[in-house]
Amino acid sequence: MLAPHLPMLQVVVPLLMAPFVVLLRPRGLAWAAATMASLMAFAIAIVLALSVVGDATLTYRVGGWMAPYGIELRVDAFGALLLLVITGASSMALLGGQRSLERALPPTREPYYFSAWLLALTGFVGIAVSADAFNIFVFMEVSSLASYVLIAGGPDRRALSAVFKYLIMGTVGATFYLVGIGLVYMMTGTLNLADMAGRIEAVADTRPMIVAAGFITVGLALKAAIFPLHIWLPNAYAYAPHVTTAFLAACATKVALYVLLRFDFLILQQHLSGHAFQFAGYLMPLAVLGILVGSGVAMFERDLKRLLAFSSVAQIGYMLLGASLVSVSGLHAAILHMFNHALAKGGLFLAVAAFAAVTSGWRLEQIGGIARTMPWTFAAFVVCGLSLIGVPGTAGFLSKWYLVTAALEHGALGIALVCVILLSSLMAVAYVWRMVESACFAPDFDAETDADSTPNRDFAAFSHLLPTILWIVALANLYFGLANALPLELAKSAARTLLGGLP
Amino acid sequence: MSTITLLFSIFLLTLLMITTMAIVRTRNLFVAVMLMGIASLLIAASFFLLDAADVALTEAAVGAGISTVLFLGALALTSERERSPSSLPLLSLGIVAIVALIVIYATFDQPPLGSPSAPVQAHLTPWYIESTRELIDIPNVVTAVLASFRGYDTLGEVIVVFTAGVGVLFLLGTGASASAAGAPLSEDNAGLRHYLIPRILGRLLIPFILLLGFYVQFHGEYSPGGGFQAGAIVAASIILYSLLEGEQRALLVIPQGVLLAMMVGGVLLYGAVGVAGLVLGGNFLDYSVLDSDPVKGQQWGILLIEIGIGITVAGVLISIFHAFASRGAA
Amino acid sequence: MDILGLYHYWVFAVLLMTGFYAIVAKPNLIKKLIGLSLFQSAVFLCYITFGKLAGGTAPIVGKGAELFSSPLPQVLILTAIVVSISTTALGLALVLRIKEAYGSIEEDEIQEQDAP
Amino acid sequence: MNIAIDIASWVLLTLGGVNLLIGGIGVLRMPDFYTRMHAASLTDSMGAILVILGIMLQAGLSLATVKLGAILAFLLLTSPTAANALAVSALLAGMKPRTGDAVQRTNHEADA
Amino acid sequence: MYYAVIVATLVTMALALLRAVRGPTVYDRVLAVNMFGTKTVLLLAALAFVFGRPDFLDLVLVYALINFIGVFAVLEFFRNRATRAGERQPAQHE
């Protein structure tokens, strides 16, 4: 009975639970309601993904109005894969993070935090299913405002100034995007993405259209933290509560990248002459620089979470590199890496949340001897680290493998790209090893010597659920490394639809 | 566009440019906020000239009214003057000038102002105006498009307002703590105690302002108005009452619990109307299934969600004001 | 005649860039928020300008009028105005928390306190 | 008959316009805050009365006239109150009006 | 018919803006904003009739209301600042 309404229910379930959660005063009830809503959204995402496998796309007319007049939702392979990433990351982070959040948040404000969490989930999911340019802007604002609240929740005062910088840059990015779709709307007269693609032919090479493409790309690059515009990301992820970072690191920037790719490949690429070259020409150097600078800075970073944040910037560089090859295999690698990176980075940040429950801080020397006190969690941390590097047998390896094969199709340029990929993988080995080495072999860090950190070796705060969730994510890393059925298939058909028949 | 009104709008926009230059240049933040009030009025007047009556009403009610009050509330708690000078002004001036030239470069190929052949006028507009008369049958096409054709956008919009309310309450606390401490309604913090005349006049006028707010709410289908504007006007009147009579008494009029219920209730009402459309066989947010006669159903749907918007916007804006005001008192 | 019509877009460009300059160059956090709201209100002006039809009136079906300006940009801007006020409200709440945590709302002073 | 109404409303409108202009110039040229206050609030109220009456005549007996009446009543109630509140607030904040000798004094030394 | 009034209002708005930008003391600026608000009310009332859409007059009523509330928000800001800072020296010259 509900099957045709699934794309809509995907957004409505977290949307209607969010105001409800604000009223749940008793402790832990808000968390339970939020987790239940997130798991329902995850279930809907799985059903959607399965029903979209054979190159099918689901469309839904909100309010019953026809496409260009009313707003239309469209779930294709790319959208379904992203839905899996978003709802999966949210469910895992919520399930594993109850204890860690209880310590980070004042009890009276917990309902607001979980309501903001569901609103962020609604925003991301709303963007993934929407097929209307302005609707994407509205849900981008919902997800941004909610993630500012999530990041500013922590006890650390540096989170406030980091979030203010993120608010300014995020809103400037969203407004650039708004100017871009305003100019496109002025020239084509429509906001529906499919209708826009059809009507752009006539006005392809006019000046406003080229400027609109520029505005949209810069705005979304700001939101997706692509290399020169990523300045807000490290501090925002480092000083946020650990569970927030686990959720946002897995999906916040990918959603903006998703919108950028859909806009560029579905609308601007086919029709703007030379835009394919522009897209590759401008964004490939940025991707390469992002990979090198991100991995480089991560190697010398003292703070564990900032280290992982800079590695996120490098991983986004990989995705952009795959996309800027403008070929089916390149796009296939980029989309697959979105899925694999969410698994690896989400697992790593959850492990940091587990460590923080026991250690006094998360600088490298403060997590000394953690391997002995929490062997299971540390083992899962290592598995996720290997997947981040791309060791064969893990999910990360697959996306790196497809990236390398896609790059090789480009001859001399391809060889250079492959060298960049190998160099940055070596850098990744370096900084993962630094984390492992300081965790295993550094002397047991006794908290008394460090003045400003509070000794809190209370194992009670250590949630029983966190190691099991961690191991589920670690095993998922391994499973999708070996028998990579569903995401591989989805990524392949997504790449085909995006390029629309190009070789 | 007749040349006379074009000249008026050009004059207003020149004034606007001068005001924005003054806003950015002045070092005193209070002056900047006052000039922003003027800039908002100027923009609203030029919207009125460009045939956007609904947007002029919203820009005035939200831009000139609520945003000035919020900025002043924040200024009261922070420093009023900028201390440090601009950082690397020349470089940023250069970047800004380049981007401005790009935008001006983009404006040369655009369809001339108001030309009927422009795609904006030709593609969707005739269908909207035609089907509003035929399917929804209400005079105000903007409300019809806002509430029914693109109702999902407006639902996202109400969620944005709700997120801002949740965010501010999360960051600043509900402010109930201050009044819950049972601070006696002492004379010193009972509003503007010097101003006898304004308090008398305030008591006389506030009921009429609320009445105006409800009029704008329910008259949204026939003349410029609707949920957002009505919520802003109702919030403005409660804020005026709080300014005149003191924050504690305003909290007695609408306590914090009711505000929270308004915030949540409005969004749930909007969602419930959408889900009702789903349950009764149509798509989500499809109002024609709400009543036997589809046109009546559409009108019912639009009326209900406008009420939902009004409740949420009023609840959010008043609780944001209380959060700012209580932060000052605490 | 259409050069006069383009004047609206040049005001849009100047307004956009005045706001953007305030965001980029001014270290005071509240001045950045003021710049941000100017930046957004410039976009509203651009949307409404290309929704205007020569000789058209506001899209409220009155007795006499038939020629209407396009209602769609006005709907989009109604939404964008409320987005702008929500972002400003959240930004101001953050400024208050930053003032309490750092004691100052100048960006350079905050960075000094943060630098280890 | 309506020619008389047109002439009457035209006269009212131009008088209102002149009034507004006088107020505008007055605000700029007056030396001190309280004199500017004097110039602004007087012409505000008077200008509003004249202009709105002029428009009312044009609108004839219709809903618009009722609305114009409401606007006029609201303006007449609020703008003097706002001016009063502003003057009281300025006085309380310690701004002293410049008395008679101050005027002579300005003839000699340059204004601050 | 209305063009005379509209031009007069626009010029007065420009003069009020000049006072708002230049005004030495803060109260001059509040006065200028209040004057600006009333002028906008008159301008839009006249424009509503120039466009032949008299049903937009409730919009004008909201403008007058917002202007009234704006003045009181500013005065409350001053009362707050004066009592909290406990300063008594005149806010004469910025």
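Order of writing sets the chain letters: A, B, C, D and E. Residues in each chain are counted from 1.
Just so we're on the same page, contacts are C-beta pairs under 8 Å (C-beta built on N, C-alpha and C of every residue); 3 or more make two chains touch, one makes a residue touch a chain.
Nothing here was measured: the structure is a model prediction, and the numbers come from that model.
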| item | value |
| --- | --- |
| For subunit A and subunit E, chains touching each | B, C |
| Chain-chain pair with the highest tally of contacting C-beta pairs | B-C |
| Centroid-based (C-alpha) most distant chain relative to subunit D | A |
| Remotest chain, subunit E as reference, centres from CA atoms | A |
| Inter-chain centre distance, subunit A versus subunit D - centres from mean C-alpha coordinates, in Å | 59 |
| Chain centre separation (subunit C, subunit D; CA means) in Å | 32 |
| Gap in Å, rounded to a whole number, between the CA centres of subunit E and subunit D | 12 |
| CA centroid of subunit B to CA centroid of subunit E, Å | 19 |
| Touching two or more other chains - residues of subunit C | 16, 20, 50, 57-58, 60, 62, 72-73, 76, 79, 83, 86-87, 90, 94-95, 97 |
| Contacts with 2+ other chains: residues of subunit D | 74, 78, 81-82, 85, 89, 92 |
| Subunit A residues counted as touching two or more neighbouring chains | 134, 138, 141, 145, 148-149, 152, 179, 185-186 |
| Inter-chain touch pairs (all) | A-B, A-C, B-C, B-D, B-E, C-E, D-E |
| Complex contact set, residues of subunit C against subunit E | 57-58, 60, 62, 64-65 |
| Residues of subunit A that touch subunit C when the two form their complex | 134, 138, 141, 145, 148-149, 152, 157-158, 160-161, 163-164, 167-168, 171-172, 175, 178-179, 182, 185-186, 191 |
| Subunit B residues touching subunit C - in the complex, by the definition given at the top | 1-3, 6, 9-10, 13-14, 16-17, 20-21, 23-24, 29, 32-33, 36, 39-40, 43, 46-47, 50-55, 58-59, 62-63, 66-67, 70-71, 73-75, 77-79, 82-84, 86-89, 92-93, 95-97, 99-100, 103-104, 107-108, 110-116, 118, 120-121, 124-125, 128-129, 132-133, 139-142, 144-146, 150, 153-154, 156-157, 160-161, 163-164, 167-168, 171-172, 222-224, 226, 228, 313, 320, 323-324, 327 |
| Subunit B - residues contacting subunit D, complex | 192, 194-195, 197-198, 201, 204-205 |
| Partner subunit E, residues of subunit D touching it in the complex | 6, 9-10, 13-14, 16-18, 20-21, 23-25, 27-28, 33, 36-37, 40, 44, 47-48, 51-52, 54-55, 58-59, 62-64, 67-68, 70-71, 74-75, 78-79, 81-83, 85-86, 89-90, 92-96, 112 |
